[in-house]
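First up is the structure itself, then whatever we jot down about it.
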């Protein structure tokens, strides 16, 4: 792989992901609207929202500290990094080795910690509440995520997404029960981490239930826009990770321009399916009480660990 | 068996008898007399040994014994109990018969212990070592069972008698310098005991040592 | 010649102070006499270092590397104690607990006590050794009851009765020893000379010696304070004036143990090491463990440290019981470190209880606040006696434990357990006394704490660096008794 | 050459001692202690760090001093392991000393002099612990360390709580020391002296070796604060003055780790995998327990202390894994585990030191240690806030700071488990990794709580309002350690190679060739294909993006900002008391992990005139272990004291019976 081509691929993918992320959000909302017999908003609604937010004047609480203003940028940066690492279109990107799955989880953790801190900065009761709940969800989701990733890592003998995807993509087809467990666990973590039903509801502002929204209540205008965008990228990244792990077929090796269209097409198809599925889940499930969230997530953790054990039993 | 050794054995038996008598004795005054008699028996035996073996320093030791244990100490004790008006010593911790039984057991034990040693003794008083040991243990027992200060002290002195008897009978007496030193200790000890009786008396206005059980762990 | 000085000075001092002991300057006189004794002892030591073991007065006295260092130690601690007792007794008099007459008794007896101990150490004649040891009891018993309080009387009575009875058993042991020696050496004074016995120790009659050793062990062991013969010890230490507690713990116990070891050496000649060794190890271990558990229930400060003395005598007995060059070395080192540390502790304790007017530990508080030197002295002293490095006590305990580890592995956990319990007990009591706030009054006379820190400095030195001549000294002694 | 390093480090230690003694000089209100002592100590620390760093790359050097016991002079030895720990000690101590120079300025002379003495003796003894090469010197240094730190802990001995904390601390330390002593006794095969060489040479039967291992593990574990022997730690560390707390948590605990590694890997040798499992189980327990209790604390320093317990657990996890691998004959993976453990040791020293210093500044300026009374400090003390943030992110194992690297390495070790033959152990290792992950996330939560409550929001108490930022010395000290967090986090490869050298010197095996070829940019623990991490790129990308976005947003839109009151959710008067408290933040954890805690809760009733909500959370180990032990001892001594009933006849009877018994025994 020529280095230049690699770099080009890297940049291309990052930019593409960042730009395409809101689209996925829009698609999920649309599907959900359809499923709920509502007249669906435009697919591009998220873009309009972002644009409008960017134009507004930022309103910041008087006693907010620098941390409050830096955080949106940090979040955005973390997510961009994640987008650069996950093999969305192609494997073997030059920057991919900079962070393996553990580091990837680390990136998300970093983002979470910053958003929680920012939430507590102004010192309203809502901010604290949101931060607390977010961390509560996080401390269970994170290990579960790691364990699912470890299962894949054990199968491929590596913690680098690139290698994992390579091995999983170009292997003769075989059923991995461990991967099945891991997949379920991953799905649960995805729901929790991206503030979806049944853990959280991105569209609510009901103080009893809201988690993520409670944290960003104080944000407005460009800061809010960056955060929303980061959230979109996060969702996109998670979905693509899931795809890369559990249905990695059709992905192109970096620098292989010919494989690119096919890869893009495959990706689009998978994303569409995934988005629809997500919407379906959100429609079918009801929101859980907050204190059922730990049970939900510990189930995910348990499944992930089980998957790992099954892997070891399978190989002897 | 030479006459001398028979005499010594007789006296030894006497000594043991007196020891038992002291163990069973309730009256302090009698106790003191018995103590004096024990001293006399001791002196006599020492004298006989001295005569039969010609160990000159044993004469001194005999004289010393008479002086100290037959005359001086009993006299001092007499004065003391006159001054302190303690004539009766009724209660013992264990009743007399039991004490006697234990005493007999002790005597037998002492004999059995001493026999192998006596075998190798070349003195004419070989068999008396056991008796000496027995009387030591008996006085020990006496100190344990008595509740008042004075009998305890008498028990202690009787123990010294037993020791002296062991010395003379088993080994024709210790070197003179040692005997003198021991005698000195006994003397000083007695006087200190005397001083104590008065202090105790003025503190607890009684010589019952049950008053002196305050210092303990709880 | 020096021997006569070492013996004569305290004796003379006793007589002198018996006449002038009540005077104003008597304490200084006392200190001066002790100092003279110390100098004589130093001279004696120098002599022995120069030209080896020596005998005097046709073998009635002899000095070898074993007893000479004990003599020096005794003289030294006696001297420092006299320094300490100078302000201490003044304060006692000031507080009206003793009058001039008793002060006279105290001073002369203090000297006589020193004399008896030195005599015990130097005498070659086991009979005289016995006499002197009994004399040590007689000279201190009136000091224990110096205050004439009911408690002190009771303590003194128990001390007197128990020790005399015990020592009487020892006399029987001596007689048996003589009985055995006579067979070999023939009648006459020579048969009681330790040196002569030592020469012929192989030929002595085993059965007699075993009996003799039992009596000697029980007899002298009573004075050493071995459990279960120890019962007099805490009472006597707690009720007597503190200088006496210091010398009792620091010196008398050592001297008694010295007697035990001397007789052990003879017995070992006839019976081999196992017999006496196992007896002594048994007693030592029992003392260590039992004393450790006694510690935690104490309320009276002096009583507590008395029990700690029992514990440490147990350690030494155990060490000597194990035998062998290292263990014996450790035992001697422990003797030294313990008597220095323990006497230092008693010095601070004395002043502490004078300040607060009580010996009950619940009422002594905040010494570091009220009088830093006393407080730190007590704290460091206690830590040292608990075997905290870098103090010398740890050095000896280290050697004892490590030796025990591969000679009698079963004993080591017990010892360590006891040490742990003792640590919890003593330190748990000492800490509140030295720390926290206090409302203690000032002392009418400035306390003499030079001795405390001199002792602690020496102990610290022993922990980090044992001077070579001292090592050689210990080694010879260890070779002699090991 | 290396002899110079040894002499040099010895000289540094001696300099510390001398400084301590000089600090006692009462001249002019302890002038020396006030001005020069601590800076000098810092310089000595730097020198020590230099020599240690030097020694890592050199063969071991020996030296004996003419001190100590006859036949056992003080042996000293400086090998890569000691070198590494000297570096740790020196570097961290330097920062802390600078901080202390400012922190202790205000003490009154007598106290200051004592602190100066104890503080420097403490440092010197730690250096000697690391340098010691025979059992006696080791014990002496070890106990001196305990003693000095005890007196430092009880500096403020007027407070009863602190007194009892100090007592508990010294007691546990001493018991641990006794266990260590016993361990040396076991190691010593009965031949030769107690120099470590002799202990190395002694060959032990498996049984005795295991005994030695257990003794060493629990002996040193008592000092390291692993459960169930940790109880002293959360009491003692908060009690001490903050720089001392930083030393205790940051450095002293590490000497215990040093002891474990030294004894288990070096002196005992022949590591067995069963031992590894023991270490892993205890380590996992310690990790989870530590962080769960930390989440319940509202006393800042106590919370940090519990986190020390947790981090010790993490280190133990690394050690245990390495022992398992070595025991199964996979030295390379074993070396990786050892490297991870030692790396975390270093990292924890740096960020925990930093955090305690930060806590000290808060305590100094805001005058309180209870989180529930703080808030909004970031406005009052921005610099401290920044340094503390660095420490908090580091301890939360967030990339690209140092805490993440070592935990990442530990994960990589766990991921080596497929090489193991034993199926059970192979599947156990990832579970321990899972506990590590859980602990990491919980730590993040805990520090969000700490930082959010203490520095962010609005002051909950008026006193917090006039807090002032730390002085220059303090700031420099914190900056030094914060810089450490960054360096250790961004350039791990250098340290990886150092630790590899240490591992080689201990086990004879190092990391894989690929690992050794990893350059400053890429950290590759095993093989390029397997795992890699590049903190620099990581940071560069994030920073770059942040910058880019910022510029773009300003460029294409605008930077207009209006300031307003926070949204009041429709409730007109919002007070600072409405913010979350530390206890509130921990509430969900209490809910989830209820059975772990021993809770005592008093809920106010409706008609309560002054309703108060009381919540007390206690350590279960007290009731499971410590109190029963104390009761047992009390019971035994009560039984024993029956010997002393005060009746003289009984006493006579004792001696009589003893006599009779012995006579019977003789016959």
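Note that the chains take the letters A, B, C and D in the order they are written out, and that residue 1 is the start of every chain.
Heads up, the rule we're going with is that a residue touches a chain if its C-beta (ideal position, glycine included) is under 8 Å from a C-beta of that chain, and two chains touch if they have at least 3 such contacts.
Just so it is clear, the structure is predicted and the values come from calculations on it, not from any experiment.
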Quiz prompt | Contact-richer chain pair [B-C vs B-D] | solution = B-C
Exercise. Starting from the mean Cα coordinates of chain B and chain C, work out the distance between those two points in Å.
Key: 31
Exercise. Can you check how far apart chain B and chain D are, centre to centre, with Cα atoms defining each centre and the answer in Å?
Key: 70
Quiz item: Just how far, in Å, is the C-alpha centre of chain B from the one of chain A?
Solution: 102
Quiz item: Distance from the CA centroid of chain A to that of chain C, rounded to the nearest Å?
Solution: 79
Quiz item: Which positions in chain B touch two or more other chains at once?
Solution: 113, 140, 143, 209, 212-215, 217
Practice problem: Scan chain A for residues touching two or more other chains and write them down. | Solution: none
Self-check item: Of all residues in chain C, the ones touching two or more other chains
Solution: 157-158, 161, 165, 211, 234, 294, 297
Practice problem: Classify the chain contact graph as line, ring, star, complete or other. | Solution: other
Quiz item: Chain pairs in touch?
Solution: A-D, B-C, B-D, C-D
Quiz prompt | chain D partner contacts - residues on chain C that touch it in the complex | solution = 157-158, 161-162, 165-166, 169, 210-211, 214-215, 217-218, 222, 227-229, 231-232, 234, 279, 290, 293-297, 329, 368, 372, 383, 386, 388-390, 394-395, 398-399, 401-402, 405-406, 412-413, 416, 419-421, 423-425, 427-428, 431-432, 435-437, 463-466, 471, 474-475
Quiz item: Taking the complex as given, what residues does chain A use to touch chain D?
Solution: 54-55, 57-63, 65, 67, 70, 73-74, 76-78, 80-81, 84, 95, 97-100, 102-103, 106-107, 109-110, 112-113, 116-117, 119-129, 131-133, 135-136, 138-140, 142-143, 146-147, 150, 153-154, 157-160, 163, 207, 217-218, 222, 226, 291, 294, 301, 305, 308-309, 312-313, 315-316
Self-check item: Of all residues in chain D, those that touch chain A in their complex
Solution: 375-376, 378-379, 389, 393, 396-399, 404, 408, 411-412, 415, 418, 423, 426-427, 430-431, 433-434, 437-438, 440-442, 444-445, 447-449, 451-453, 456-458, 522, 528-534, 537-538, 541-546, 549-550, 553, 556-558, 560-569, 574, 576, 578-580, 584-585, 587-589, 591-592
Quiz prompt | Residue ranges of chain B in contact with chain C within the complex | solution = 55, 113, 116-117, 120-122, 129, 133, 136, 140, 143, 149, 152, 156, 159-160, 163, 166-167, 170-172, 174-178, 181-182, 184-185, 188-189, 192-193, 195-196, 199-200, 203-204, 209, 211-215, 217
Practice problem: Would you tell me which residues of chain D are touching chain B in their complex? | Solution: 641-649, 652-653, 656, 659-660, 663, 667
